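One chain, chain A, links the two complexes that follow: it is found with chain B in the first and with chain C in the second.
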Partner chain A sequence: MDPMIRLILAQGMLGLNNGVFYAMLSLGLAVIFGLLNVVNFAHGALYMLGAFLALILYSYAGAWVGLDALHIGFWPALILAPLLVACFGMLIERFMLRRLYKLDPIYSLLLTFGVTLVLQGLFINFFNASGTPYPGMPESLRGVVNLGFMMFPKYRLFVIIFSIIVCFAVWYMIERTRIGSRLRAGTENPELVKAFGINVPLMVMLTFGFGTGLAGLAGVLAAPIYSVSPLMGANLIIVIFAVVVIGGMGSIAGAVLTGFALGLVEGITKVFYAPAANTVIFLLMVIVLLVRPNGLFGRQS
Partner chain B sequence: MKSTICAGVSAAALMLAANGALAQDAVSDGVVKIGVLGDMSGVYSTGFSGKGAVDAVKMAVRDFGGTVLGKPIEVISADHQNKADVGSATAREWIDEQHVEMITDLTNSAVALAVQKLASDKKVITMATGAASSALTGADCTKYGIHYGYDTHALPVGTATAVVKNGGDSWYFITADYAFGHALQDNTTKVIDSLGGKVLGSSDVPLASTDFSSYLLQAQSSGAKVIGLANAGQDTVNAIKQAHEFGIVDGGQQLAGMLVLISDVKSLGTDVAKGLQFTTGWYWNGDDASRKWKEEYEKFSGGEAPTFVHAADYSLTMAYLNAIKAAGTDDSDKVREQLGKMKIDDFFAKGGEIRQDGLLVHDMYLLKVKEGGTDPWDVADVVRTIPGNEAYASLAEGGCPLVAK
Partner chain C sequence: MQEMSNTTTDIGEFEENTGEPEHRTRSRIWQGIFWVALIGFLLIAPALLYPVFVMQLLCFALFAAAFNLLIGFTGLLSFGHAAFFGGAAYIAGHALKVWGFPPLLGIATGTLFAAALGWAVGSLAIRRQGIYFAMITLALAQIVYFLVLQLPFTGGEDGLQGIPRGHLLGFIDLNQPLAMYYTVAAIFLIGFLVIYRIIHSPFGQVLLAIRENEPRALSLGYNVDRFKLLAFVLSAALAGLAGSTKALVFQFASLTDAHWQMSGEVILMTLLGGMGTIFGPVVGAFVVVALQHALSGIGSWVQVVIGGTFIACVLLFRRGIVGELARLLKINSL
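Entry: the complex of A and B
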């Protein structure tokens, strides 16, 4: 194989690997924005929280309950951590965000930004700032797969496939099932939906929990690849917002597809001019905003 | 008679006055304060800075007896977070408010360069250990700045020479994108060029990146025989780990870590790092004195073996305190002069001397990672001792503007 093509494929694969996280995170953001009209700035911090919960479950939780040898591993963490993050998200919604719905959306944005700073500060205080490696990668996912054009770690391949399944399932649930149609109706016209006997505040709380749970899930998946660090979310959230803006605020499919696509674009840019990789997403954002202000998949308002 | 009494009294008074002045001058504020300013939480907090460095300085103070010229010695420490502005602010506060006499550690060249300049303007001695950039005693040298342990000139002389002579004559660099990484890459490139090798390209990576995969792929596709890692600490560990994950080492390319510590080797595991060659300022298993010191240190610090940077921290603290004792004062000018006159000859630096540009010239060692050592920290063999004057740039080559031509 031509080495240039091989390099493009390989960097594309790594780009897809990053795109997975863009997609999962912007999906959660899109769900929350679509149904609550809240720009959740805490999304990056909740992603970080998910990763830290995985680390804590593995390295510390056992010792806290007096069982030094107990390590709660990757698979249980993959379920537990997102649930805990979702609970935390629901607490934020129930006790903080709910008070702000009547106000300008900027207030909820500022609130969630504040939550981000508090969470980051706490974790910087208790853990080191530059990252702790996650030691609990399951044995079955260690090692490499030969893709023909590159050796690719098994775990990263697992993350790509797993995330595509999750993204598709979420899209299907919201766009094609009864629960999804109620959710969408609830945001269109809450009064009417209430008249049908549906508890809208509870639905909104669960939705926020679901969106933040997705961020937590992405965090757990990221833990074995990147070091678990208090600022891991802050580094990502700017890109995620660019993804959401390019995809179109509130569009589920748009968020997912744009996430994967931008990961790819970023990866392939590295082949040609590596320093531009960090900026290419924002350049695209500028172009999209000029040409299609509602985003690629956004509905015309 | 009267006049003799008068003379006697005035002489006595003069002597008293002189004595008083001496006692006042000897130690400026009744305590000698040493500040350990390092990366206490980040990529360089193990092996370079962190608890290990603070312990080494404290242990030296204990071994020195806890006092110098009858005054207590105090050690304080702070985290500069790898930010030059945070480091400068801390150093300024230490000097102006706390009257710190000497600042050491200064891991991270960007921070070290900033603090060294600031401290020198305020006539405070700095003794950088963890920082590597040769600019500290080259273009940016200062009157009170000392660089103790190693530098970016000495590292590649050992490692790059050995690798190129073994056939690794084409290189691709993965470089930490700040003062240190670029200095190390430049110095290594000079060594490679001088031996007839060539550099095919490089990728600049921000400090504390966790994902090196795309840079490693660039390195792989460059076709270079050797991937040179011009970084340090956790960055080096991550890069080496990921090079194995992506099958780059199995693909036949060789990794050359330009700054590797034994703590990095330990964290990688000797099975992963096996065969890796690296240059160091000291190795605990080099001789009896070093082995004995390592044992003492482990007892003092609680388990972790010392890296060469920690040994340098201990050695320089001893040298500094001895210089105060010999000079009879903690006045920066006199102590600096004394440090220049003394021979630095202990378990760490054999036949070392601190030059006019502030560089400690001493022997360096080329190590090779081995498996199955007798001690958990016995991770390498000394392949070659590099004499100080071969490892380091000469006074003229260093290019310090303070050195009279």
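Entry: the complex of A and C
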């Protein structure tokens, strides 16, 4: 195989791997924005929280309850950590965000920005700011697989496939099931949905919990790949905002596809001009704003 | 989906009251008191407080007042103002250090750069409304941050160091603390007066109309986008003036000046002092800078305190300090 093509494919795979996180996080943002009209700035911090919970469950939780030998591993963490993050999200919704729905949406952005600073500050105080590696990667996912053009870590391949399944499942649930149709109805006309006997405030709370849970899940998946650090979500959330501006938050499928595609673009940019890799998404955002101000999948506003 | 641009804005809760002259007189008296207090403070501050601290305070107060021109008087939330503040600091620093510009020309260079950058960012960001506007400005500011990090002349992680203060107008040595202080005080006062004039000009009234009801301003025949863009450029330029001045005072420009956390801090200053008030940003900047100095011993807990203040302001205290004061005194604008 031509070495150039091989290099593009290899960087493309690594880019796709980042795209997984862009897709899952912008999916969560889109789900929340769709029903609550809230842009959750804390999404990056909740992703960080998910990663830290995985780390804590493995390295510290056992010692806290007096069982030094107990390490709660990756698979239980993959369920537990997102649930805990979702609970935390629901508390934020119930006790803070709920009081802001009648106001301009910028207030909820500012509130979640404050939550971000608090979470980041707390974790910087209690953990190493430069990052801790996650030691709990399961044995079955260690090693590499031969993709023909490169040796790809088995775990990363698992993350790509797993997250594609999760994103598809979420899309299916929202666009094709009864729960999803209620959710979408709640977006269109909450008063009418209330009149049908559906508990809209509860639905809103659960939706926020679900969206933040997705961020937590992405965090757990990220823990074995990147080192777990208090600032891991800080720069990511800004990239996610650009992804969301490019894709438009109106569409679930749009958010996911844009996320994967931009990860790919970013990876391939590394082949041609590495210094531009961390700005290429922002530059694409500029182009999209000039050509299609409402975003690729956005509805006319 | 709820249409974002049509939701009523709650920013500032500032109403033009034309019917009651008694209110207006009271308003004028209190504004006068604030002006006297401000100018009095500027004159005697170096005798009471450490001059470097006051200069830092004034730079941030001007930055916050410039930011307030957008959020408080036009209803636009920019989450990328650190790009203008920090970007101008670097350009002014480079002009002073490498090109050997005199102090005022260096500051003017930084300010002009911020205005140009504001035009570029503003014309992109106003293509979307509401919450998207905030996200776009944040993302564009991140490009500036990466440029500052990677360009050869900025000193990367170390920042741009050793900027000379030089001689004002060729004969006043700015290495003298008091000379530097009164220069900064004068720059602050000029910048603040410019903002005051803008707010009270017919142009400022159109901005208020856009904040209150954009579709209506549009239907009255105002070219809303041009007004928004001009407000953005003015706000960016004044933020750049603040950043350039800070670079001259502290003799360095650092990455933190351009980081998104700085954009967050200026929002907090304005929110805490009172969005859409005249003196609010100055009061807010004072509180935040003083808080940071007082808490500098506890390290990264400062971030927790700042975040907590943010949450408290949004939930309980949306009018801000000066906004609440104006409400207690039953006046419209302060």
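Keep in mind that, in the parts below, the second predicted complex is superposed on the first by the 301 of 301 C-alpha atoms of A that agree within 3 Å, B and C clash if a C-alpha of one lies under 4 Å from a C-alpha of the other, contacts with A are read in each partner's own complex, and residues count from 1 in each chain.
As a working rule, a residue touches a chain if its C-beta (ideal position, glycine included) is under 8 Å from a C-beta of that chain, and two chains touch if they have at least 3 such contacts.
For clarity, every value in this text was computed on a predicted model and none was experimentally measured.
Q: Look at A:G250 in the shared chain and tell me whether it touches chain B only, chain C only, both, or neither; answer first, second, both or neither.
A: The second partner, chain C, only.
Q: Identify the partner contact of A:L109: answer first if only chain B is touched, second if only chain C is, both if each is, neither if none is.
A: A:L109 sits against chain C, while chain B stays out of touch.
Q: By the touch definition at the top of the document, which applies to A:Y226: first (chain B), second (chain C), both, or neither?
A: Only chain B is touched by A:Y226; chain C is not.
Q: Identify the partner contact of A:K194: answer first if only chain B is touched, second if only chain C is, both if each is, neither if none is.
A: neither
Q: In the superposed arrangement, which partner chain does A:V286 touch: chain B (first), chain C (second), both, or neither?
A: Once the two structures are laid over each other on A, A:V286 reaches chain C alone.
Q: With both structures fitted on chain A, tell me whether chain B or chain C touches more of chain A's residues.
A: When the residues of chain A touched by each partner are counted, C comes out ahead.
Q: Which chain A residues contact chain B in one complex and chain C in the other?
A: Chain A residues touching both partners: 129, 275.
Q: Within their complex, state which residues of chain C touch chain A.
A: 1-5, 7-11, 77, 124, 127-132, 134-136, 138-140, 142-143, 146, 150, 260-261, 264, 267, 271, 299-311, 314-315, 318
Q: Provide the residue numbers of chain A that touch chain C in the complex, in ascending order.
A: Checking each residue of chain A against chain C gives 34, 37, 39, 96, 99-100, 103-107, 109-111, 113-122, 124-125, 129, 187-188, 234-235, 238-239, 241-242, 244-245, 250, 275, 278-279, 282-283, 285-286, 289-290, 293-294, 301.
Q: Flag every residue of chain A that touches chain B in the complex, lowest number first.
A: My answer: residues 3, 6-7, 10-11, 14, 128-131, 144, 146, 150-153, 225-227, 229, 232, 267, 270, 274-275, 277.
Q: Which residues of chain B touch chain A once you look at their complex with the stated criterion?
A: For chain B paired with chain A, touching residues are 41-43, 45, 81, 203-204, 208, 210-211, 213-215, 217-218, 221, 223, 234, 238, 245-248, 250-251.
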